[in-house]
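Here chain A shows up in two complexes: once beside chain B, once beside chain C.
Entry: the complex of A and B
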């Protein structure tokens, strides 16, 4: 239980720190901070993508990798599974979490909607990093309609 | 004990390759290179066979008169190739598996090192010492 709190506080501080030293409050500076967060999440995801599937057998197809993300990765980082995974079978997946741990302490409803993307950037990077170690190039974006429910959209880049 | 250990990235370039210093290194480099073809064959064969379990350990890739080559692939498509002396008949499959497991653990530690950029050559001394412990007593 305590370890979950440690990560949540660290994450909050990361976001607060990046926004405290905002020399450029316009949209350019915002994007920089969001990409810094996403980059951090990416590196962490790369390492997790190596360590977590260590004992599991090789993945047979893309859907197995996504299921691994929703179950094992989410449980390891947030102590719960993803609530729903949907796909259009053409390379786009939507992962929905109805009570995202990094947002649940903030509000439950439409309050703080504009601030929510800051708290999702790291997790988007995390998903992208894990996918990249497992051999899948992707683009991950997040959207929030009402806290604490959020959706992560994963689009696989076909090279 | 292993005579040569190599870690190959998923784009098929070597991240780490080390052979026992007494032998001709180039010969081992070629062996590892040719064994990559066998590894690819095994991976694609596993994909087509509708087996539920896909193992990470690939087993004996090919034997030559002096040496045997073993392979292992991780979930991130990083391949480990190990060349052992054929005269060392005491080495059983289980021992090779445990050597690969140790290698995999060390490799995971290297990945988690914040000073390591994925895709670079491995320069970690901890990894070096794990490999050394597997390569002793060759001469």
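Entry: the complex of A and C
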């Protein structure tokens, strides 16, 4: 019985609860639930970011911050590291997790692909919130080509 | 940055979200939000209970099960043990946590006491759900006399 399971179960309940009570069946209601989940993730990410040791906050390079997300943040939340990090060196980063924990419990048939977005919204927010605390404004989206592999795309917003 | 914080932040967001969108301002709406939280806790507790090692499931005595909650479950969720366990030996148990983690972040003035129930509902469900997986039907309520001390009362339902 580990904390990892606690977070996963709680996340699952949260998704189920938001879908049961918040959503109109139409795409408008679903969008609202996704944005609520993303917002919760954002605030949790911000709060986690504020607990970082001071030396971590002295990152100089954007790439260092992204590496920190892939390693330290991922381990703290999912007990594993991100599998790969790529960048176009122009402010766009693609973080790939080949076996994303919040998707693993879903059956892996292609017919479940359309259910994936609701299991990704919280984590998109989590990345965006942690980046925000580290002083970086970003847009984060996620995509799944085949379960349980997942790519998070982070686009840095230059101010 | 620890998993403990992740759970606490997520719990706080969940409470805030349910209060913001679910509740009518009246006592009816608040009761619904409390019961939604309790239900989420129940299902998370059930799921955690199912992950217990088989030998744990072979408890003979009711008191052993309660001790298990106070020790193993509490450590897994809150990284600390319950501070005391009392019973009337007739199926009623009082579990006391002198510094309940989900209440610690609240300010400790007596004026915040009335806010306490929404931070306890999930955990009442968690206890009831874990007990349910272990084959024990119960009613779980919580009370706070002075923050952040909290008492959970478990009343076993004989079948």
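Here is the rule we go by: the second predicted complex is superposed on the first by the 148 of 159 C-alpha atoms of A that agree within 3 Å, B and C clash if a C-alpha of one lies under 4 Å from a C-alpha of the other, contacts with A are read in each partner's own complex, and residues count from 1 in each chain.
Rule of thumb we're sticking to: contacts are C-beta pairs under 8 Å (C-beta built on N, C-alpha and C of every residue); 3 or more make two chains touch, one makes a residue touch a chain.
The structure presented is a predicted model; accordingly, all values stated were derived computationally and were not measured.
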Chain B or chain C, by number of chain A residues touched: C
Touching partner for A:145 - first (chain B), second (chain C), both, neither: neither
Partner chain in contact with A:134 - chain B first, chain C second, else both or neither: first
Partner chain in contact with A:43 - chain B first, chain C second, else both or neither: both
Touching partner for A:72 - first (chain B), second (chain C), both, neither: second
First (chain B), second (chain C), both or neither touched by A:60: first
First (chain B), second (chain C), both or neither touched by A:113: neither
Common interface residues of chain A - those touching chain B in one complex and chain C in the other: 43, 47, 51
Interface residues, chain C side, partner chain A - complex: 1-7, 9-11, 13-14, 17, 21-22, 36, 40, 43-44, 47-48, 51-52, 72-73, 76-77
For the chain B and chain A complex, residues of the former touching the latter: 10, 46-47, 53-56, 73-77, 104-105, 107-108, 111-112, 114, 118
Residues of chain A defined as touching chain B within the complex: 43, 46-47, 49-51, 53-54, 56-60, 133-135
